[in-house]
Amino acid sequence: MLETSVDFKEIFLYGKRLFLTSDQCTLHDFPENIAVIRQEGLHSRKLKPSDTTVTVDKVNIGRGGLVIAAGPCAVESEDQMLEIAEKVKRLGADMLRGGAFKPRTTPYSFQGLGKNGITILKQAREITGLPVVTEMMDIADYEAFDNVDMIQIGSRNAQNFSLLKFLGSRNRPVLFKNGMANTISEWLSSAEYLLSGGNEKVVLCYRGTRGFDNATRFNMDSGVIPALRERTHLPICADPSHPAGDRKYVEAIALASVAAGADMLEIEVHNDPDSALSDSKQQLTFMEFEKLVRNARKVADILGSRTA
Amino acid sequence: MLETSVDFKEIFLYGKRLFLTSDQCTLHDFPENIAVIRQEGLHSRKLKPSDTTVTVDKVNIGRGGLVIAAGPCAVESEDQMLEIAEKVKRLGADMLRGGAFKPRTTPYSFQGLGKNGITILKQAREITGLPVVTEMMDIADYEAFDNVDMIQIGSRNAQNFSLLKFLGSRNRPVLFKNGMANTISEWLSSAEYLLSGGNEKVVLCYRGTRGFDNATRFNMDSGVIPALRERTHLPICADPSHPAGDRKYVEAIALASVAAGADMLEIEVHNDPDSALSDSKQQLTFMEFEKLVRNARKVADILGSRTA
Amino acid sequence: MLETSVDFKEIFLYGKRLFLTSDQCTLHDFPENIAVIRQEGLHSRKLKPSDTTVTVDKVNIGRGGLVIAAGPCAVESEDQMLEIAEKVKRLGADMLRGGAFKPRTTPYSFQGLGKNGITILKQAREITGLPVVTEMMDIADYEAFDNVDMIQIGSRNAQNFSLLKFLGSRNRPVLFKNGMANTISEWLSSAEYLLSGGNEKVVLCYRGTRGFDNATRFNMDSGVIPALRERTHLPICADPSHPAGDRKYVEAIALASVAAGADMLEIEVHNDPDSALSDSKQQLTFMEFEKLVRNARKVADILGSRTA
Amino acid sequence: MLETSVDFKEIFLYGKRLFLTSDQCTLHDFPENIAVIRQEGLHSRKLKPSDTTVTVDKVNIGRGGLVIAAGPCAVESEDQMLEIAEKVKRLGADMLRGGAFKPRTTPYSFQGLGKNGITILKQAREITGLPVVTEMMDIADYEAFDNVDMIQIGSRNAQNFSLLKFLGSRNRPVLFKNGMANTISEWLSSAEYLLSGGNEKVVLCYRGTRGFDNATRFNMDSGVIPALRERTHLPICADPSHPAGDRKYVEAIALASVAAGADMLEIEVHNDPDSALSDSKQQLTFMEFEKLVRNARKVADILGSRTA
């Protein structure tokens, strides 16, 4: 009955039946024990106080353990990707990352291998057994993402609402980065485009915002993580590679993110960073990544006991 | 011969035959008298020193006269749009604006009338004879934009490179807004996605960037217009409505933009701003718009004689 | 009686007897017809709706006519200053500017001529008859500013509350720049340190705020001027030289500031900009200044008729 | 001989004889084995590769162990300060903080107890044996800071070069906060005003910069700490209280700062935060401080072994 009204939309989320309602609606319009959201949003802890866990293949994001996704900025070749995949697995990565469709600032930069890049990622997945996350920029490419475990929405598409609505209507895990100039509140409002379509598998990935100092590439405000944690039950990932802009700063930012409470890290690692076709300055060597993993897990262990 | 190489792309732009080349290429690889771009980009004054004029129906943008596009934030109904269209025409507008597909911060806000909105815009166009500009967010909607005179790319899609590439391959006038956190250099690099597809009908529309003060909604840096003018030959529009965020400030920002050198203004005007379904605080009344047009044209006249 | 309370402070401002009160105080604690301020502040239009005019020697700032102060970034020598002073007077300047005590980013840059610089400024004042504005950084230097007509507080000292309190207790005209990262609200709160000491001769000078794009030096948000105008009765000056950072952009920003409603401009002009000891890139040549003055006065005339 | 030239200044710093030189000078103008600085600055690792330790009473800042300074935003009364001092000592603080002269955004807010506040701080120092750090805003107040162990320069005075020069010529430990809109490079250039006077006891204290999101008060960019570490040998402190703006976020930001490599933390703690006369929202309770100290020391221990 309610469902047929144009002002209401029924969705199933977090194991519950929920009604999205218009502004004019008040709680007593609804049968008891049915959550009615809108003002606060589906991301809100007021709606769902307990932390959400997003499961990607066999990896649980948000359960207290630290999940680390690693891999090159861009998939450049089969050899490159497979070498990196096997190595980061051995060094402790839980997931693989690698860009196939690349959102580059200019059309004259390397644009990624596209569908071939995804084919290579799937090979890496088969060999290592690690689930794969990779960025999607265009709805028209969706078919290529069939066997991808987690779809990344990048910073430049953080308010591409058409793309968000599309993925909101698919039941696929999404790693959702913040826009460079978005407030926390705007970011969470954008996440509603995913959640209100019925897709609850949303991990927020903080990658910093634009600041005025070129000493690093983006501002990685450590206050964002506790501020998100207070407002939302969704798991939180941090990407220290892009804000660093320089591999010398990646570990410090990664450890800071874990210390501030991140559930997951996404790290750019390359077998030969200086020759990388994109972001060559910020991709870690294997040795640097090994040290980062070791220290990040130690910090996470402290925090594990902290929250207990 | 050159054209068949994977490293080169031949395009026709600004009445010339141009080659887009890889980094490794040097000028003497090319026959004389053929411009080779890439480092500077197709937007650059170094490639094309003279100002570009973009013609939309019978309106010339960039020819020295001030072009004013006006209309509501969103098309809300036939009555609303037609009343506004006729009125702003009488008050001196050269083009109509109105949102049909609206990029709203949350999915729970009014999302626009979509295709019906565009149908209404076409009616307004027929009645007034004024060309229409309206925003496109999704390639899948392209058919609906068939008779639209100019397609707007909004701030949130300013780095949606898939959308830009698509419109770069269509020969349609584009009003291209800057992203909230984009530098001038990034904005011009994004414009290359349009230009390098062979579409030279690009008008840049400055709508401010994110700042730290909530006294207004966005920072409308008056230095951006001369800095753009120095770097690029493309025409420059200013949108004072969004940075103002309050109708009390719109005229001052509009006049400042014209004084700084803008070729065009895009202004939100509503027949009943307080009841508007979106951006109600910043849409002008007809009386405010009338005063703005009168003063903006006076300032433009001064500048006309200035550049002469 | 009221005056002896520790919670109240009586001042005379704008020709009125005013009481500054504690938070706990309510209006009926006071005799009728005596303004009680604090929540809104002495800068507020709610306290004083009519525009304030600050008179510096014979120059009225805020009376509708455009006041232009011009001169070099720094006083470098008697010859330099006197040549510039005579020239800018002939080209239409109403006041002279020139830095004697210079707040330089590093201690290894030219720090200004100090007291000797002020002696030279006084000579320029005698020869041209134009009043002089120059920056004070340190209370200990105050004696040297004896015959200076207007004391400038620079951006870096915009929240140096000791300096503000000191000048608040002197009855001297102050040109008060905003801090690089101050909101309008913080700037006006800082102005209270001047006003609450009983000094009503305060002109706000907007010089832009820090932004993320290096294409210009600071963001000159044209919305700031109407937003200030709405909140405060104090006169508003604009400094286009520092935000421009490049002389090519100064005129556009100056005209934009006037179009947005500024009462005054402060412009850096040099007889030989490329050899200037500081800010060499942004100081105007005499020819550029002449053109700026001509166009700025035309824009001001339009606005004069606008407000009428 | 060199020393008498106006272009050179001899100082003793870091146990060395150094010459500050003019731009025109080249290295071979100097006797061998004498460092000549200017381009890089006295803060630079290129001049002095090894980390500097600043000793405040018996506390060594920069030696690898984590130094924690704690206390109220403002000294409000003897009872308040002494209770807090004894308690934070018991909970693990190494130093006391407390504001006597307070730089408040408006003149109508509590301005601190001034000299009486410093007298109370000295009592707290005698009772607890912990050295004291407190902010100085005005050279005229310097006498009152006689027995203060470390003088703080606050964010609003970060480019008050007169104050910096004054303290540069005194051999007193300085806790030097960054300005809200200063780049790392500008901050380090400001530190040169302290160092070039011969005062090497400078600890940089990062307290965040202005950002566009009100979810927290300032942006605490975790990349700043490694970027500082790379450029300068000076010890680095972090102030998580001001950027948090809310006690709920202070611990996360503090741990992130330590994980990013901070040598010291400065934390606001109050015996009754909700009744505090300033910054009441961000001051920690004793219980919150206890937990922060415990976790921060654990994170520091990991990093200690990391750098080893």
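Per-chain residue numbering starts at 1, and chain names A, B, C and D are given in the order in which the chains are listed.
Everything below uses one rule, namely that a residue touches a chain if its C-beta (ideal position, glycine included) is under 8 Å from a C-beta of that chain, and two chains touch if they have at least 3 such contacts.
The model shown is predicted, which means the values in this text are computed figures rather than measured ones.
K.L.:
Through how few touching steps can chain B be joined to chain D?
P.N.:
So the least number of steps between the two chains is 1.
K.L.:
Hey, which pair has more contacts between C-betas, A-B or A-C?
P.N.:
More contacting C-beta pairs are found at A-B.
K.L.:
Since chain B and chain C are copies that touch, just let me know if over half of their interface numbering is common to both, same, or not, different.
P.N.:
The interface of chain B with chain C is built from mostly shared positions.
K.L.:
Among the listed pairs A-D, A-B or B-D, choose the one whose interface is a repeat of C-D, with over half of the contact pairs the same by residue number.
P.N.:
Most of the C-D contacts reappear at A-B.
K.L.:
In angstrom, rounded to a whole number, how far apart do the mean CA points of chain B and chain C lie?
P.N.:
36
K.L.:
Could you please state the distance in Å, as a whole number, between where the Cα atoms of chain A are centred and where those of chain B are centred?
P.N.:
Taking the mean C-alpha position of each chain, the two centres sit 32 Å apart.
K.L.:
Take the average of all CA coordinates in chain A, do the same for chain C, and state the distance between these two points in whole angstrom.
P.N.:
48
K.L.:
Residues touching two or more other chains, restricted to chain A: which are they?
P.N.:
Those would be 181, 209-212, 214.
K.L.:
Quick check on the complex: what are the chain D residues that touch chain A?
P.N.:
Residues in contact with chain A: 181, 183-185, 208-209, 211-216, 219-227, 229-230, 243-244, 248-249, 251-253, 255-261, 291, 295, 298-299, 302-303, 306.
K.L.:
Which residues, counting only chain C, touch chain A once they are in their complex?
P.N.:
For this pair, the touching residues of chain C are 210-212, 214.
K.L.:
Can you list the residues on chain A that touch chain B in the complex?
P.N.:
20, 23, 38, 41, 103-108, 137-140, 156-157, 159-163, 165, 179-181, 186, 189-190, 192-193, 196, 209-210
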